[in-house]
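The two complexes that follow have chain A in common; it is paired with chain B in the first and with chain C in the second.
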Partner chain A sequence: MREIILFVLGVLAVVVLLMAVVGQHHSQDGKHHHHKIGHKHGEGFVIDMHAYASKIRGWNPTFKVSLATVLLILCIALNNPYVSVAVLIAMAYLTMVKGGLSVNEYLSVLMIPIAFILLGTLAIAIEFSFDPIGQYHLHCGFFYIYTSQEKLKEMIFLILKVFAAVSALQMMTLSTPSSEIISVMRKAHVPKLIIELMNIIYRYIFILLDVYSKMKNSADSRQGYCDFKTSCYTFGGIAGNMLIISLKKANAYYDAMEARCYDGEIIFLEEEKKFEINQIIMAVIFVAVLFLLWGFTK
Partner chain B sequence: MKLSEKRIITLVAAFALVFGVYPVANAMHIMEGYLPVQYCIVWGVVCLPFLVRGYFSIKKVVSQNRKSITLFAMVGAYIFIISSLKIPSVTGSCSHMTGTGLGAILFGPTAVSILGLIVLIFQAILLAHGGLTTLGANTFSMAIAGPLVSYGIYILCKKVKVNKRVGIFLAASIGDLFTYCVTSFQLAAAYPSDNGGITASFLKFLGVFAPTQIPLAIIEGILTVVIMIMLESYATSELIDIGYLKGEINNVKVK
Partner chain C sequence: MKEPILRVRDLYYVYGNGQIGLDGVNIDINEGEKIAVIGSNGAGKSTFFLNVNGVLKAESGEISYRGTMINKKNLKELRKNIGIVFQDADNQIIASTVRAEVAFGPMNLKLPKEEVIKRVDEALTYMDIMDFKDRPPHYLSGGEKKKVSIADIIAMKSEIIIFDEPTVALDPLNAEMLEVVLSKLSREEKTILISTHDVDFAYRWAERIIVFCQGKIIADGSPLEIFQNEEVLKRSNLKQPMLLNVYESLVEKHLIADEKIYPRSIEVFQKMIQAIK
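Let's turn to the complex of A and B:
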């Protein structure tokens, strides 16, 4: 039974990857972008950009957010490697094939937490001892590092689970702009003050980012980052200046808001995005399949 | 060479390879899916009293003076940006400040709890740092425990009249180290070691993250001092506005 499930999951993974690669090939129309997989920070936020460009942005945000939440909870609650792999494949399918994100870009976003995952799982897998015990051990001077097949298995399963959960979260963030996620939170009755703060903070982040990149450019062109000590001073200077500027702006923005009849509540125009019955049925079937997988391999 | 030795060497080689490619230092957000369900819930519940207190204090200030909402929002955005900036580092790796130590010194720990929660949500959504199921654990370590310790040390240093710069440095870096200890404890509690239990596991997590977190804490301390010197020399009136020179954001007086 387990072999069959494993085989089916493997085939599905290959199919999704092929579909994503083929889809990417078609949509490239002559332009060639080279993207390195890895942890990187540009001046903007890559995920936010992808969210606006996603082909599944038109799906109902409440649906996407609830799907991601349900899958997240299932991933950690069922704690089953087969479920994790199924979620990983399904989310890759949604994000790359349906959402039209290229394989490289998807992997580079997925790999952001890699350092934490490796360090964290390594700490779980290895043990220290003064005696040569355990299935595999390595002698280091006066102590031993040891581990066992069990532990390594646990480590691999944990990595799978984390990646599945991360991919479920990123299915949501790579296809739903933050303003829509906030509006879903408003519908879920998160306190009004927090929603208000989130809405304004989201907008201010980009304003401050703009201020920062200007300051950084002018500092850079004046040799502000020539060595470590200067870099520290430059960084401190920029950070301090940014606080002053942001406080000034906060005053000005309040006046601007009040001039436009702000009375303690900001209401945004939201695009109406209908629930698609097909999508909901598919989601329910998928969740049922996850439960079945869990039941068979428990 | 025995089979087990071969395996270990392969494992170590893979490890070295991965770290050669990904020199990342800010790895203290607990990732999505890492904690079992019961720990997600427990840490969320532990955060609640602090968050409720922060919520009411912000609400009170906003209802007294509605103009302060843009101020709070700016402060939130500021903490987010500070924590997403690449800081200067010796090794060329990509690391970030937590920014909460600075926030706690400037605005007080009460306001930072709610703003920290929002910042963590945005970090999960926009930067893929941390996650929604681990939000409770991350909020506790980064937006509650760290800032409280930073603020406490800052006040203590002020009381016993230590040099102000030394006080700020200690507050920021010890707050950062405390965040790292709390996170290690959270990880250890969720994944105790087979022999030795939580304590052994705690030590393992501390050890694994120490090479990245200890230099980071020191750099964060230095940068916070540089920022505060800069602010005190150029922005005294703004600092009085946000209540820094009195200690708490509750005393906000907008001109």
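Let's turn to the complex of A and C:
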């Protein structure tokens, strides 16, 4: 187990470093442009905070995870724009009205995958040709970009489908802390090793982020980022130090765990949150409505 | 004389790099004692604690708890009965909610779930942190994390509680909170060991002081004995507590009678001064 913790921390040190760098970049962006979408700590952090603050955090996590999974599968399997729109609206309702998240925050989280989605779907709608063909075409020097109403419709439906699926998952992540999602996975008999790794990783991300920000600040206060070359050196130094510190921390953790009778298996107390019959009934009705929608508009 | 709760004989421990950590430590700890463990950095205090808890395995030496010799088989018994509150709470907190964190120890003791929940609630109430039982540790302040790390050990119902430099990262208010908790624990007949560099705190709180120096115990006695022994203080790079210093200066100048009643807290000292006028 000690080796596993060591390994996890080592890998995490690298991941956190990358995350922190990306996060930092992002925050600088936010500062310069003053736009609302953009956060100080990187997106993962924000979602985590929303999950703890959500008003529907008290709902049974198994219910939320299953609902999200079922809706995700339905969105993809039924492949119907009306179903997508229904899911999109329902999830926005759950997250914002029931969960108490503000519209701005919800949209900023929902827009995280927008770049991927647009790039992915544009490739479907747009095609290239040397001849002016297709319903609409645009002349670009020696070739044409062309598309058709059919293709555009397909693209919009696809975007809807993806957003609906994403919003179902966001409903889950924005209202369920990671530890609860992990406990649901444990109930679903995901292998123990993975569950333990997930628990440890989740906790350590925050510790390493903390260590990173402390080292970065202390380097910054000593002019460690005065120009590009120095910044690179400083970054390298911090990266090396993070590895050493994560190894040390792994040992300290292992000692602390052993001191509390740890014997090879991490078991956490999981809170039992009651299933609410009303919620289940509503969920079943909603799924039934989705099927009806699909049936009528097929 | 009563049987000591913990008896350590000839404990030797060598670090992985060949450096000697503990060099023949002998000590008897009696039930309900309030012991301050002092000594400079690297004197072997933390190593001693981890050895006593069975986390580090000594090269040679014996540890017996309530008369039973500790070996590999009953190591768990030792860990169950001796709890360590680590210096850095962030090195101790493992779970991602406060409740699950405090339950980690009791869960490892394989207690039934109802008992675990009962103990967790008790420990949280004890430390007055019931309010944030569902909060994740990464959104807690330093003082709150310390409270959680103490609740961790209280939930295990250890008989001996070791605090590794508990006052280091605390603000005055939280340090006061810690002293309240300590006196509460003492009233419950818990045996408490605290390692500290704060001689004023040690002088005020402890009944007995153990001084470590280069892996050895160089002195063991009442706070007065230790802090009046200049050789020991010099060897372990310690200073006299402020209050003792002031008192002795006053006695020297004949401003107060040399009655050998040494005040251990500011309150007692103030009463003494007022009585003179």
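Everything that follows uses one rule, which is that the second predicted complex is superposed on the first by the 244 of 298 C-alpha atoms of A that agree within 3 Å, B and C clash if a C-alpha of one lies under 4 Å from a C-alpha of the other, contacts with A are read in each partner's own complex, and residues count from 1 in each chain.
The rule is simple: a residue touches a chain if its C-beta (ideal position, glycine included) is under 8 Å from a C-beta of that chain, and two chains touch if they have at least 3 such contacts.
This one's a predicted model, so the numbers in the text were calculated from it and none came from an experiment.
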Who wins on chain A residues touched, chain B or chain C?
B
A:Ser231 in the overlay: touching chain B, chain C, both, or neither? Say first, second, both or neither.
first
In the overlaid three-chain picture, which partner chain does A:Ile281 touch, first (chain B) or second (chain C), both, or neither?
neither
Which holds for A:Tyr253: it touches chain B only (first), chain C only (second), both, or neither?
both
What is the contact status of A:Ser178 with respect to chain B (first) and chain C (second): first, second, both, or neither?
both
A:Val11 in the overlay: touching chain B, chain C, both, or neither? Say first, second, both or neither.
neither
Just chain B (first), just chain C (second), both, or neither: which does A:Asn241 touch?
first
Just chain B (first), just chain C (second), both, or neither: which does A:Tyr202 touch?
both
Which residues of chain A are in contact with chain B in one complex and with chain C in the other?
48, 178, 200, 202, 207, 249, 253, 257
Listed in rising order, chain A residues that touch chain C in their complex are 48-49, 52, 177-179, 199-200, 202-203, 206-207, 210, 249, 252-253, 255-263, 266-271
Residues of chain A touching chain B in the complex:
38-41, 45, 47-48, 69, 72-73, 75-77, 79, 109, 111-120, 122-124, 126-129, 135-136, 138, 158, 161-166, 168-170, 173, 178, 181, 191, 193-194, 196-198, 200-202, 204-205, 207-209, 212, 225, 228, 231-237, 239-244, 246-251, 253-254, 257, 264
Provide the residue numbers of chain B that touch chain A in the complex, in ascending order.
4, 7-8, 15, 18-19, 21-22, 24, 27-37, 40, 55, 58-59, 62, 66-67, 69-78, 80-82, 84-90, 94, 102, 106, 114-115, 118-119, 121-122, 124-129, 131-133, 187, 191, 193-195, 200-201, 204-205, 207-209, 219, 222-223, 225-231, 234-235, 238, 241-242, 254-255
What part of chain C is in contact with chain A in the complex they form?
50, 53-56, 76, 79-80, 83-84, 86, 88, 90-97, 99-100, 103-105, 107-109, 113, 116-117, 120, 134-139, 152-153, 156
